[in-house]
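Presented below is the structure to which this report refers.
For clarity, chains are labelled A, B, C and D in written order, and residue numbers in each chain start from 1.
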């Protein structure tokens, strides 16, 4: 009885709220924190608009966009050609922030900021380098006293954009990785154990001595975990920071409307090599409705004012050149 | 008669097993409790229950929308599943022979093993794709599929325990079968049946996977059944896997809240039955005194 | 005696699947009498008495052939409603079986309540009346709202009798009502049967020959589903016509 | 107009059958949807999907054997742990503890059911996994290391840890149902057994466990159902490596966990379809496991009848 009353009252209540325009978006979980921050800040100035973003995964977001159950989507990786064809409208990829994959490890006797290059990293994850005192690692860190211990590789078990970015970096630097494992959100791993989510990998690396894994920047910073300095295209060993990640997109050039160009392993000075854009996906409907224009307004805001909120949450803001190009494109619609 | 050593030993061993098992079962619960309080206790405040969420870095965010959303969808889901589950349980225990009954029993067995994510996918295909919108109804429907088999199964097991001669005694009073079942068999085991129902509801209340693709989750308070709605488990999930301290604290506080809500529900159900009896006897006493 | 017929049994057969458990019984019961059914274990006594209010057919695979005439109507006629029949022929079972999680009051009144009696005072009247008739009132009048199962075995059985009396059936069947009880409780139930026969007709299955002798006006003797002998109790016990009856009564049989 | 009583019963019976059929149709609808969704993978791999233990989303090559193995092993192991413990707890609370303490203990056990599986998963990752790595695994290795199940090194997460988490999660279900079953046994019988000079243990064996065998089995099947379908908690602690290994310390993967891990992000049609195929197979596995349980009950009840 009370339950029925509750439902009746709630239905009545909900009728009053319909004057507000409600927008739904779904997709990648990596940028969930910054997006919800943006939405909250944006809605302070726009009281008539309610934006709801849920992190159900990039693949899930793309599927929702195709099934038209959401107004916009978000994805860590660009849509595949097949998926683009299935969508009812052309889809514009709007880069929002940059993310990076950080290689984290555990080992007091090793110390922080170990130098690693792409080839060595690939060999560790291929299971070819199995000990911390392997010659290849020693060569990059001649002053360090490396322990004679097995390396435990920890990797993501769930499908994830993080894995995809990491694998594309390894495929870029190692032919063997490219042919043996390949690139994808979930892989057939030659070695290691799988943990679920960045959280899972972080926990496992923290708990297990001599483990190595890859996680996002925020988890690495928040957990005070050891991270490697990775060799970039310019030959420098770079620590992952918000600045070094942003730097990787500085030399970015758009090819027309397409913002889905890789920024992995750039030759720019000071650029961290495993960085990638994360995107909003905007359906370009022919007849513009109010919803779409509100979504566009929100996107524009996030690319201008919104960028200032990124760094405190360990997301790398877009460099100026990218921001300008994207806003120009959005204005032209 | 003196008990042989072997028998006495066996008996001691048995006692030890009993006590050990009980301790072993309770330990994880307390560890989880401790874990939740340690990590989330500091963010349990009035704000937590009366505010909607705030983004990382702003204090005072809460889970009001998720708590209410969970109540809403679990309530709606059990509104569908509990009566249906009771009916099916009654059918299995009272008319448990025949093709349809064995088909149903088989169905229920399979349904208990359906992973919650499959339930979510199913509800997604049925409701969300056809309505082109995530909705609380879809979430409630998915939860009802979780609740249904547990209620049915426990109802069947519990009603089977009512001895046959009790049912016959009911029939011998010249009551039609359905009245015997409803007013004697089911009513007589209502407090046991409650155990099953609560068990089912508590499980549904903690499920994330069926809600992710159906109710979707929301950052706002919503009451309309055809819109996305927040729920505690989804909110807990999103926050628990984030790297930010204040969100993680909120997640643990949320999980703690969820357990306390279920505890409250459980206590309420038990208390309700007890109180009713007390109330009746007091009333009875009173009326008799005035009559005399 | 101005006895009129309460119940008439004609060619009654009861089956479990193909097995014939009760064979061609013909009997007549008179109003306001206590009728005992005795016989060795497994002789079909219980099955027989369960046929009289159509409870037998609730068992899986069970079936009945023949006629039982109640008030001029065959209860096994095609248009007869077993529920209606049971309203007129009450039954008390071997094991005391108060309904679970129900107070004493609810146990007694459940029948009338479900038959549509809603008036609280009337229900209270019925409770008091029936519990008095069942000689239980003085023991439970202060705890009517306690659980029925909290009573002792003998009290529980009397509660079950009161429950049956509450729907006021002219005929009451009892299937070994005292077999699970101690001697004192047994005596109470026996006295009770004597008391209620003023208003009801009682048919009772008993394992205990002395009990039949003490309480019954008429006695029937069953062996393996056959009715061997039926007559006044005094005749059966002092002057049996059949050899088998005599053997059984003198303890040489069964 | 009054409906005759025999008709009333008939109507009710028909209604019950109708609702039962609704539930049956629900299951059919679920299976049908899953089947349609997995058709692509079914056409591609056929039945060899069941016998291959090769899972490579990059090249769109899929086989589910390792997941089937993981699911069956973790569930059965969980049942082996949780079954006896739950029965013991049910007996202890019902027969030995004073009523008040018993109801508190019972309440605690039921509360375990309310803990969301993600919390269990993270707790398992932070607390249980280190415990297994540092204490349980070395202990088992020391005393039972000659068995193939306890060889190799443990990293904390793996099949054993997953089974323990599952066991904890299904204990409340089994315990609560067992308690209800035991409650229904009349005191008379227990007293009769004690009166014969039986020890408490023998009383429990004769008067409680034997007569409630089918009820206990029912409880176990219910628990098993949950173990088979659990996703999130298992995914956090099992190591998610689709390999078949005899050691319980090694990482594994279950059918439900692979769905939870990959469904949200899967973007190739075939990958999605293969995941749904796994879901469909889970039905088959559940079916066989239940069939096994039912056969045991059936055999036992036949034996006891004799």
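We adopt the following convention: contacts are C-beta pairs under 8 Å (C-beta built on N, C-alpha and C of every residue); 3 or more make two chains touch, one makes a residue touch a chain.
The structure displayed is predicted, hence computed values, not measured ones.
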| item | value |
| --- | --- |
| Neighbouring chains common to chain B and chain C, by label | D |
| Required minimum of steps from chain A to chain B, each step between chains that touch | 1 |
| Between B-D and A-D, the pair joined by more C-beta contacts | B-D |
| Chain whose mean Cα position lies farthest from chain B | C |
| Averaged-CA centre spacing for the pair chain D and chain A, given as whole angstrom | 36 |
| Whole-Å separation of chain centres (CA-atom averages), chain A against chain C | 80 |
| Approximate Å spacing (C-alpha centroids) for the pair chain B, chain D | 17 |
| Centre-to-centre distance between chain D and chain C (centres being mean Cα positions), rounded to whole Å | 48 |
| Where chain C touches two or more other chains at once, by residue number | 83-84 |
| Touching two or more other chains - residues of chain A | 56, 60, 199 |
| Junction residues of chain B, two or more chains touched | 162, 176, 212, 240 |
| Pairs of chains in contact (touch as defined earlier), listed by label | A-B, A-D, B-C, B-D, C-D |
| Touching residues on chain C, where the partner in the complex is chain B | 53, 55, 58, 60, 83-88, 90-91, 93-95, 97, 99-103, 105, 110-111, 114-115, 144-145, 160, 163-164, 167, 169, 173 |
| Residues of chain A that touch chain D when the two form their complex | 56-60, 62, 80, 82-83, 152, 157-161, 181-189, 192-196, 199-200, 203-204, 207-208 |
| Residues on chain D engaged by chain A in the complex (per definition of touch) | 54-59, 121-122, 125-126, 129-130, 133, 155-158, 235-236, 239-241, 251, 253, 257, 260-269 |
| Complex interface listing, chain A residues touching chain B | 3, 6-7, 10-11, 13-14, 17, 22, 24, 26, 29, 32-33, 36-37, 39-41, 50-56, 60, 67-70, 197-199, 202, 216, 218-219, 221-223, 312-314 |
| Chain C-facing residues of chain B, complex | 97, 162-163, 165-166, 168-176, 179, 183-184, 187-191, 277, 280-281, 284 |
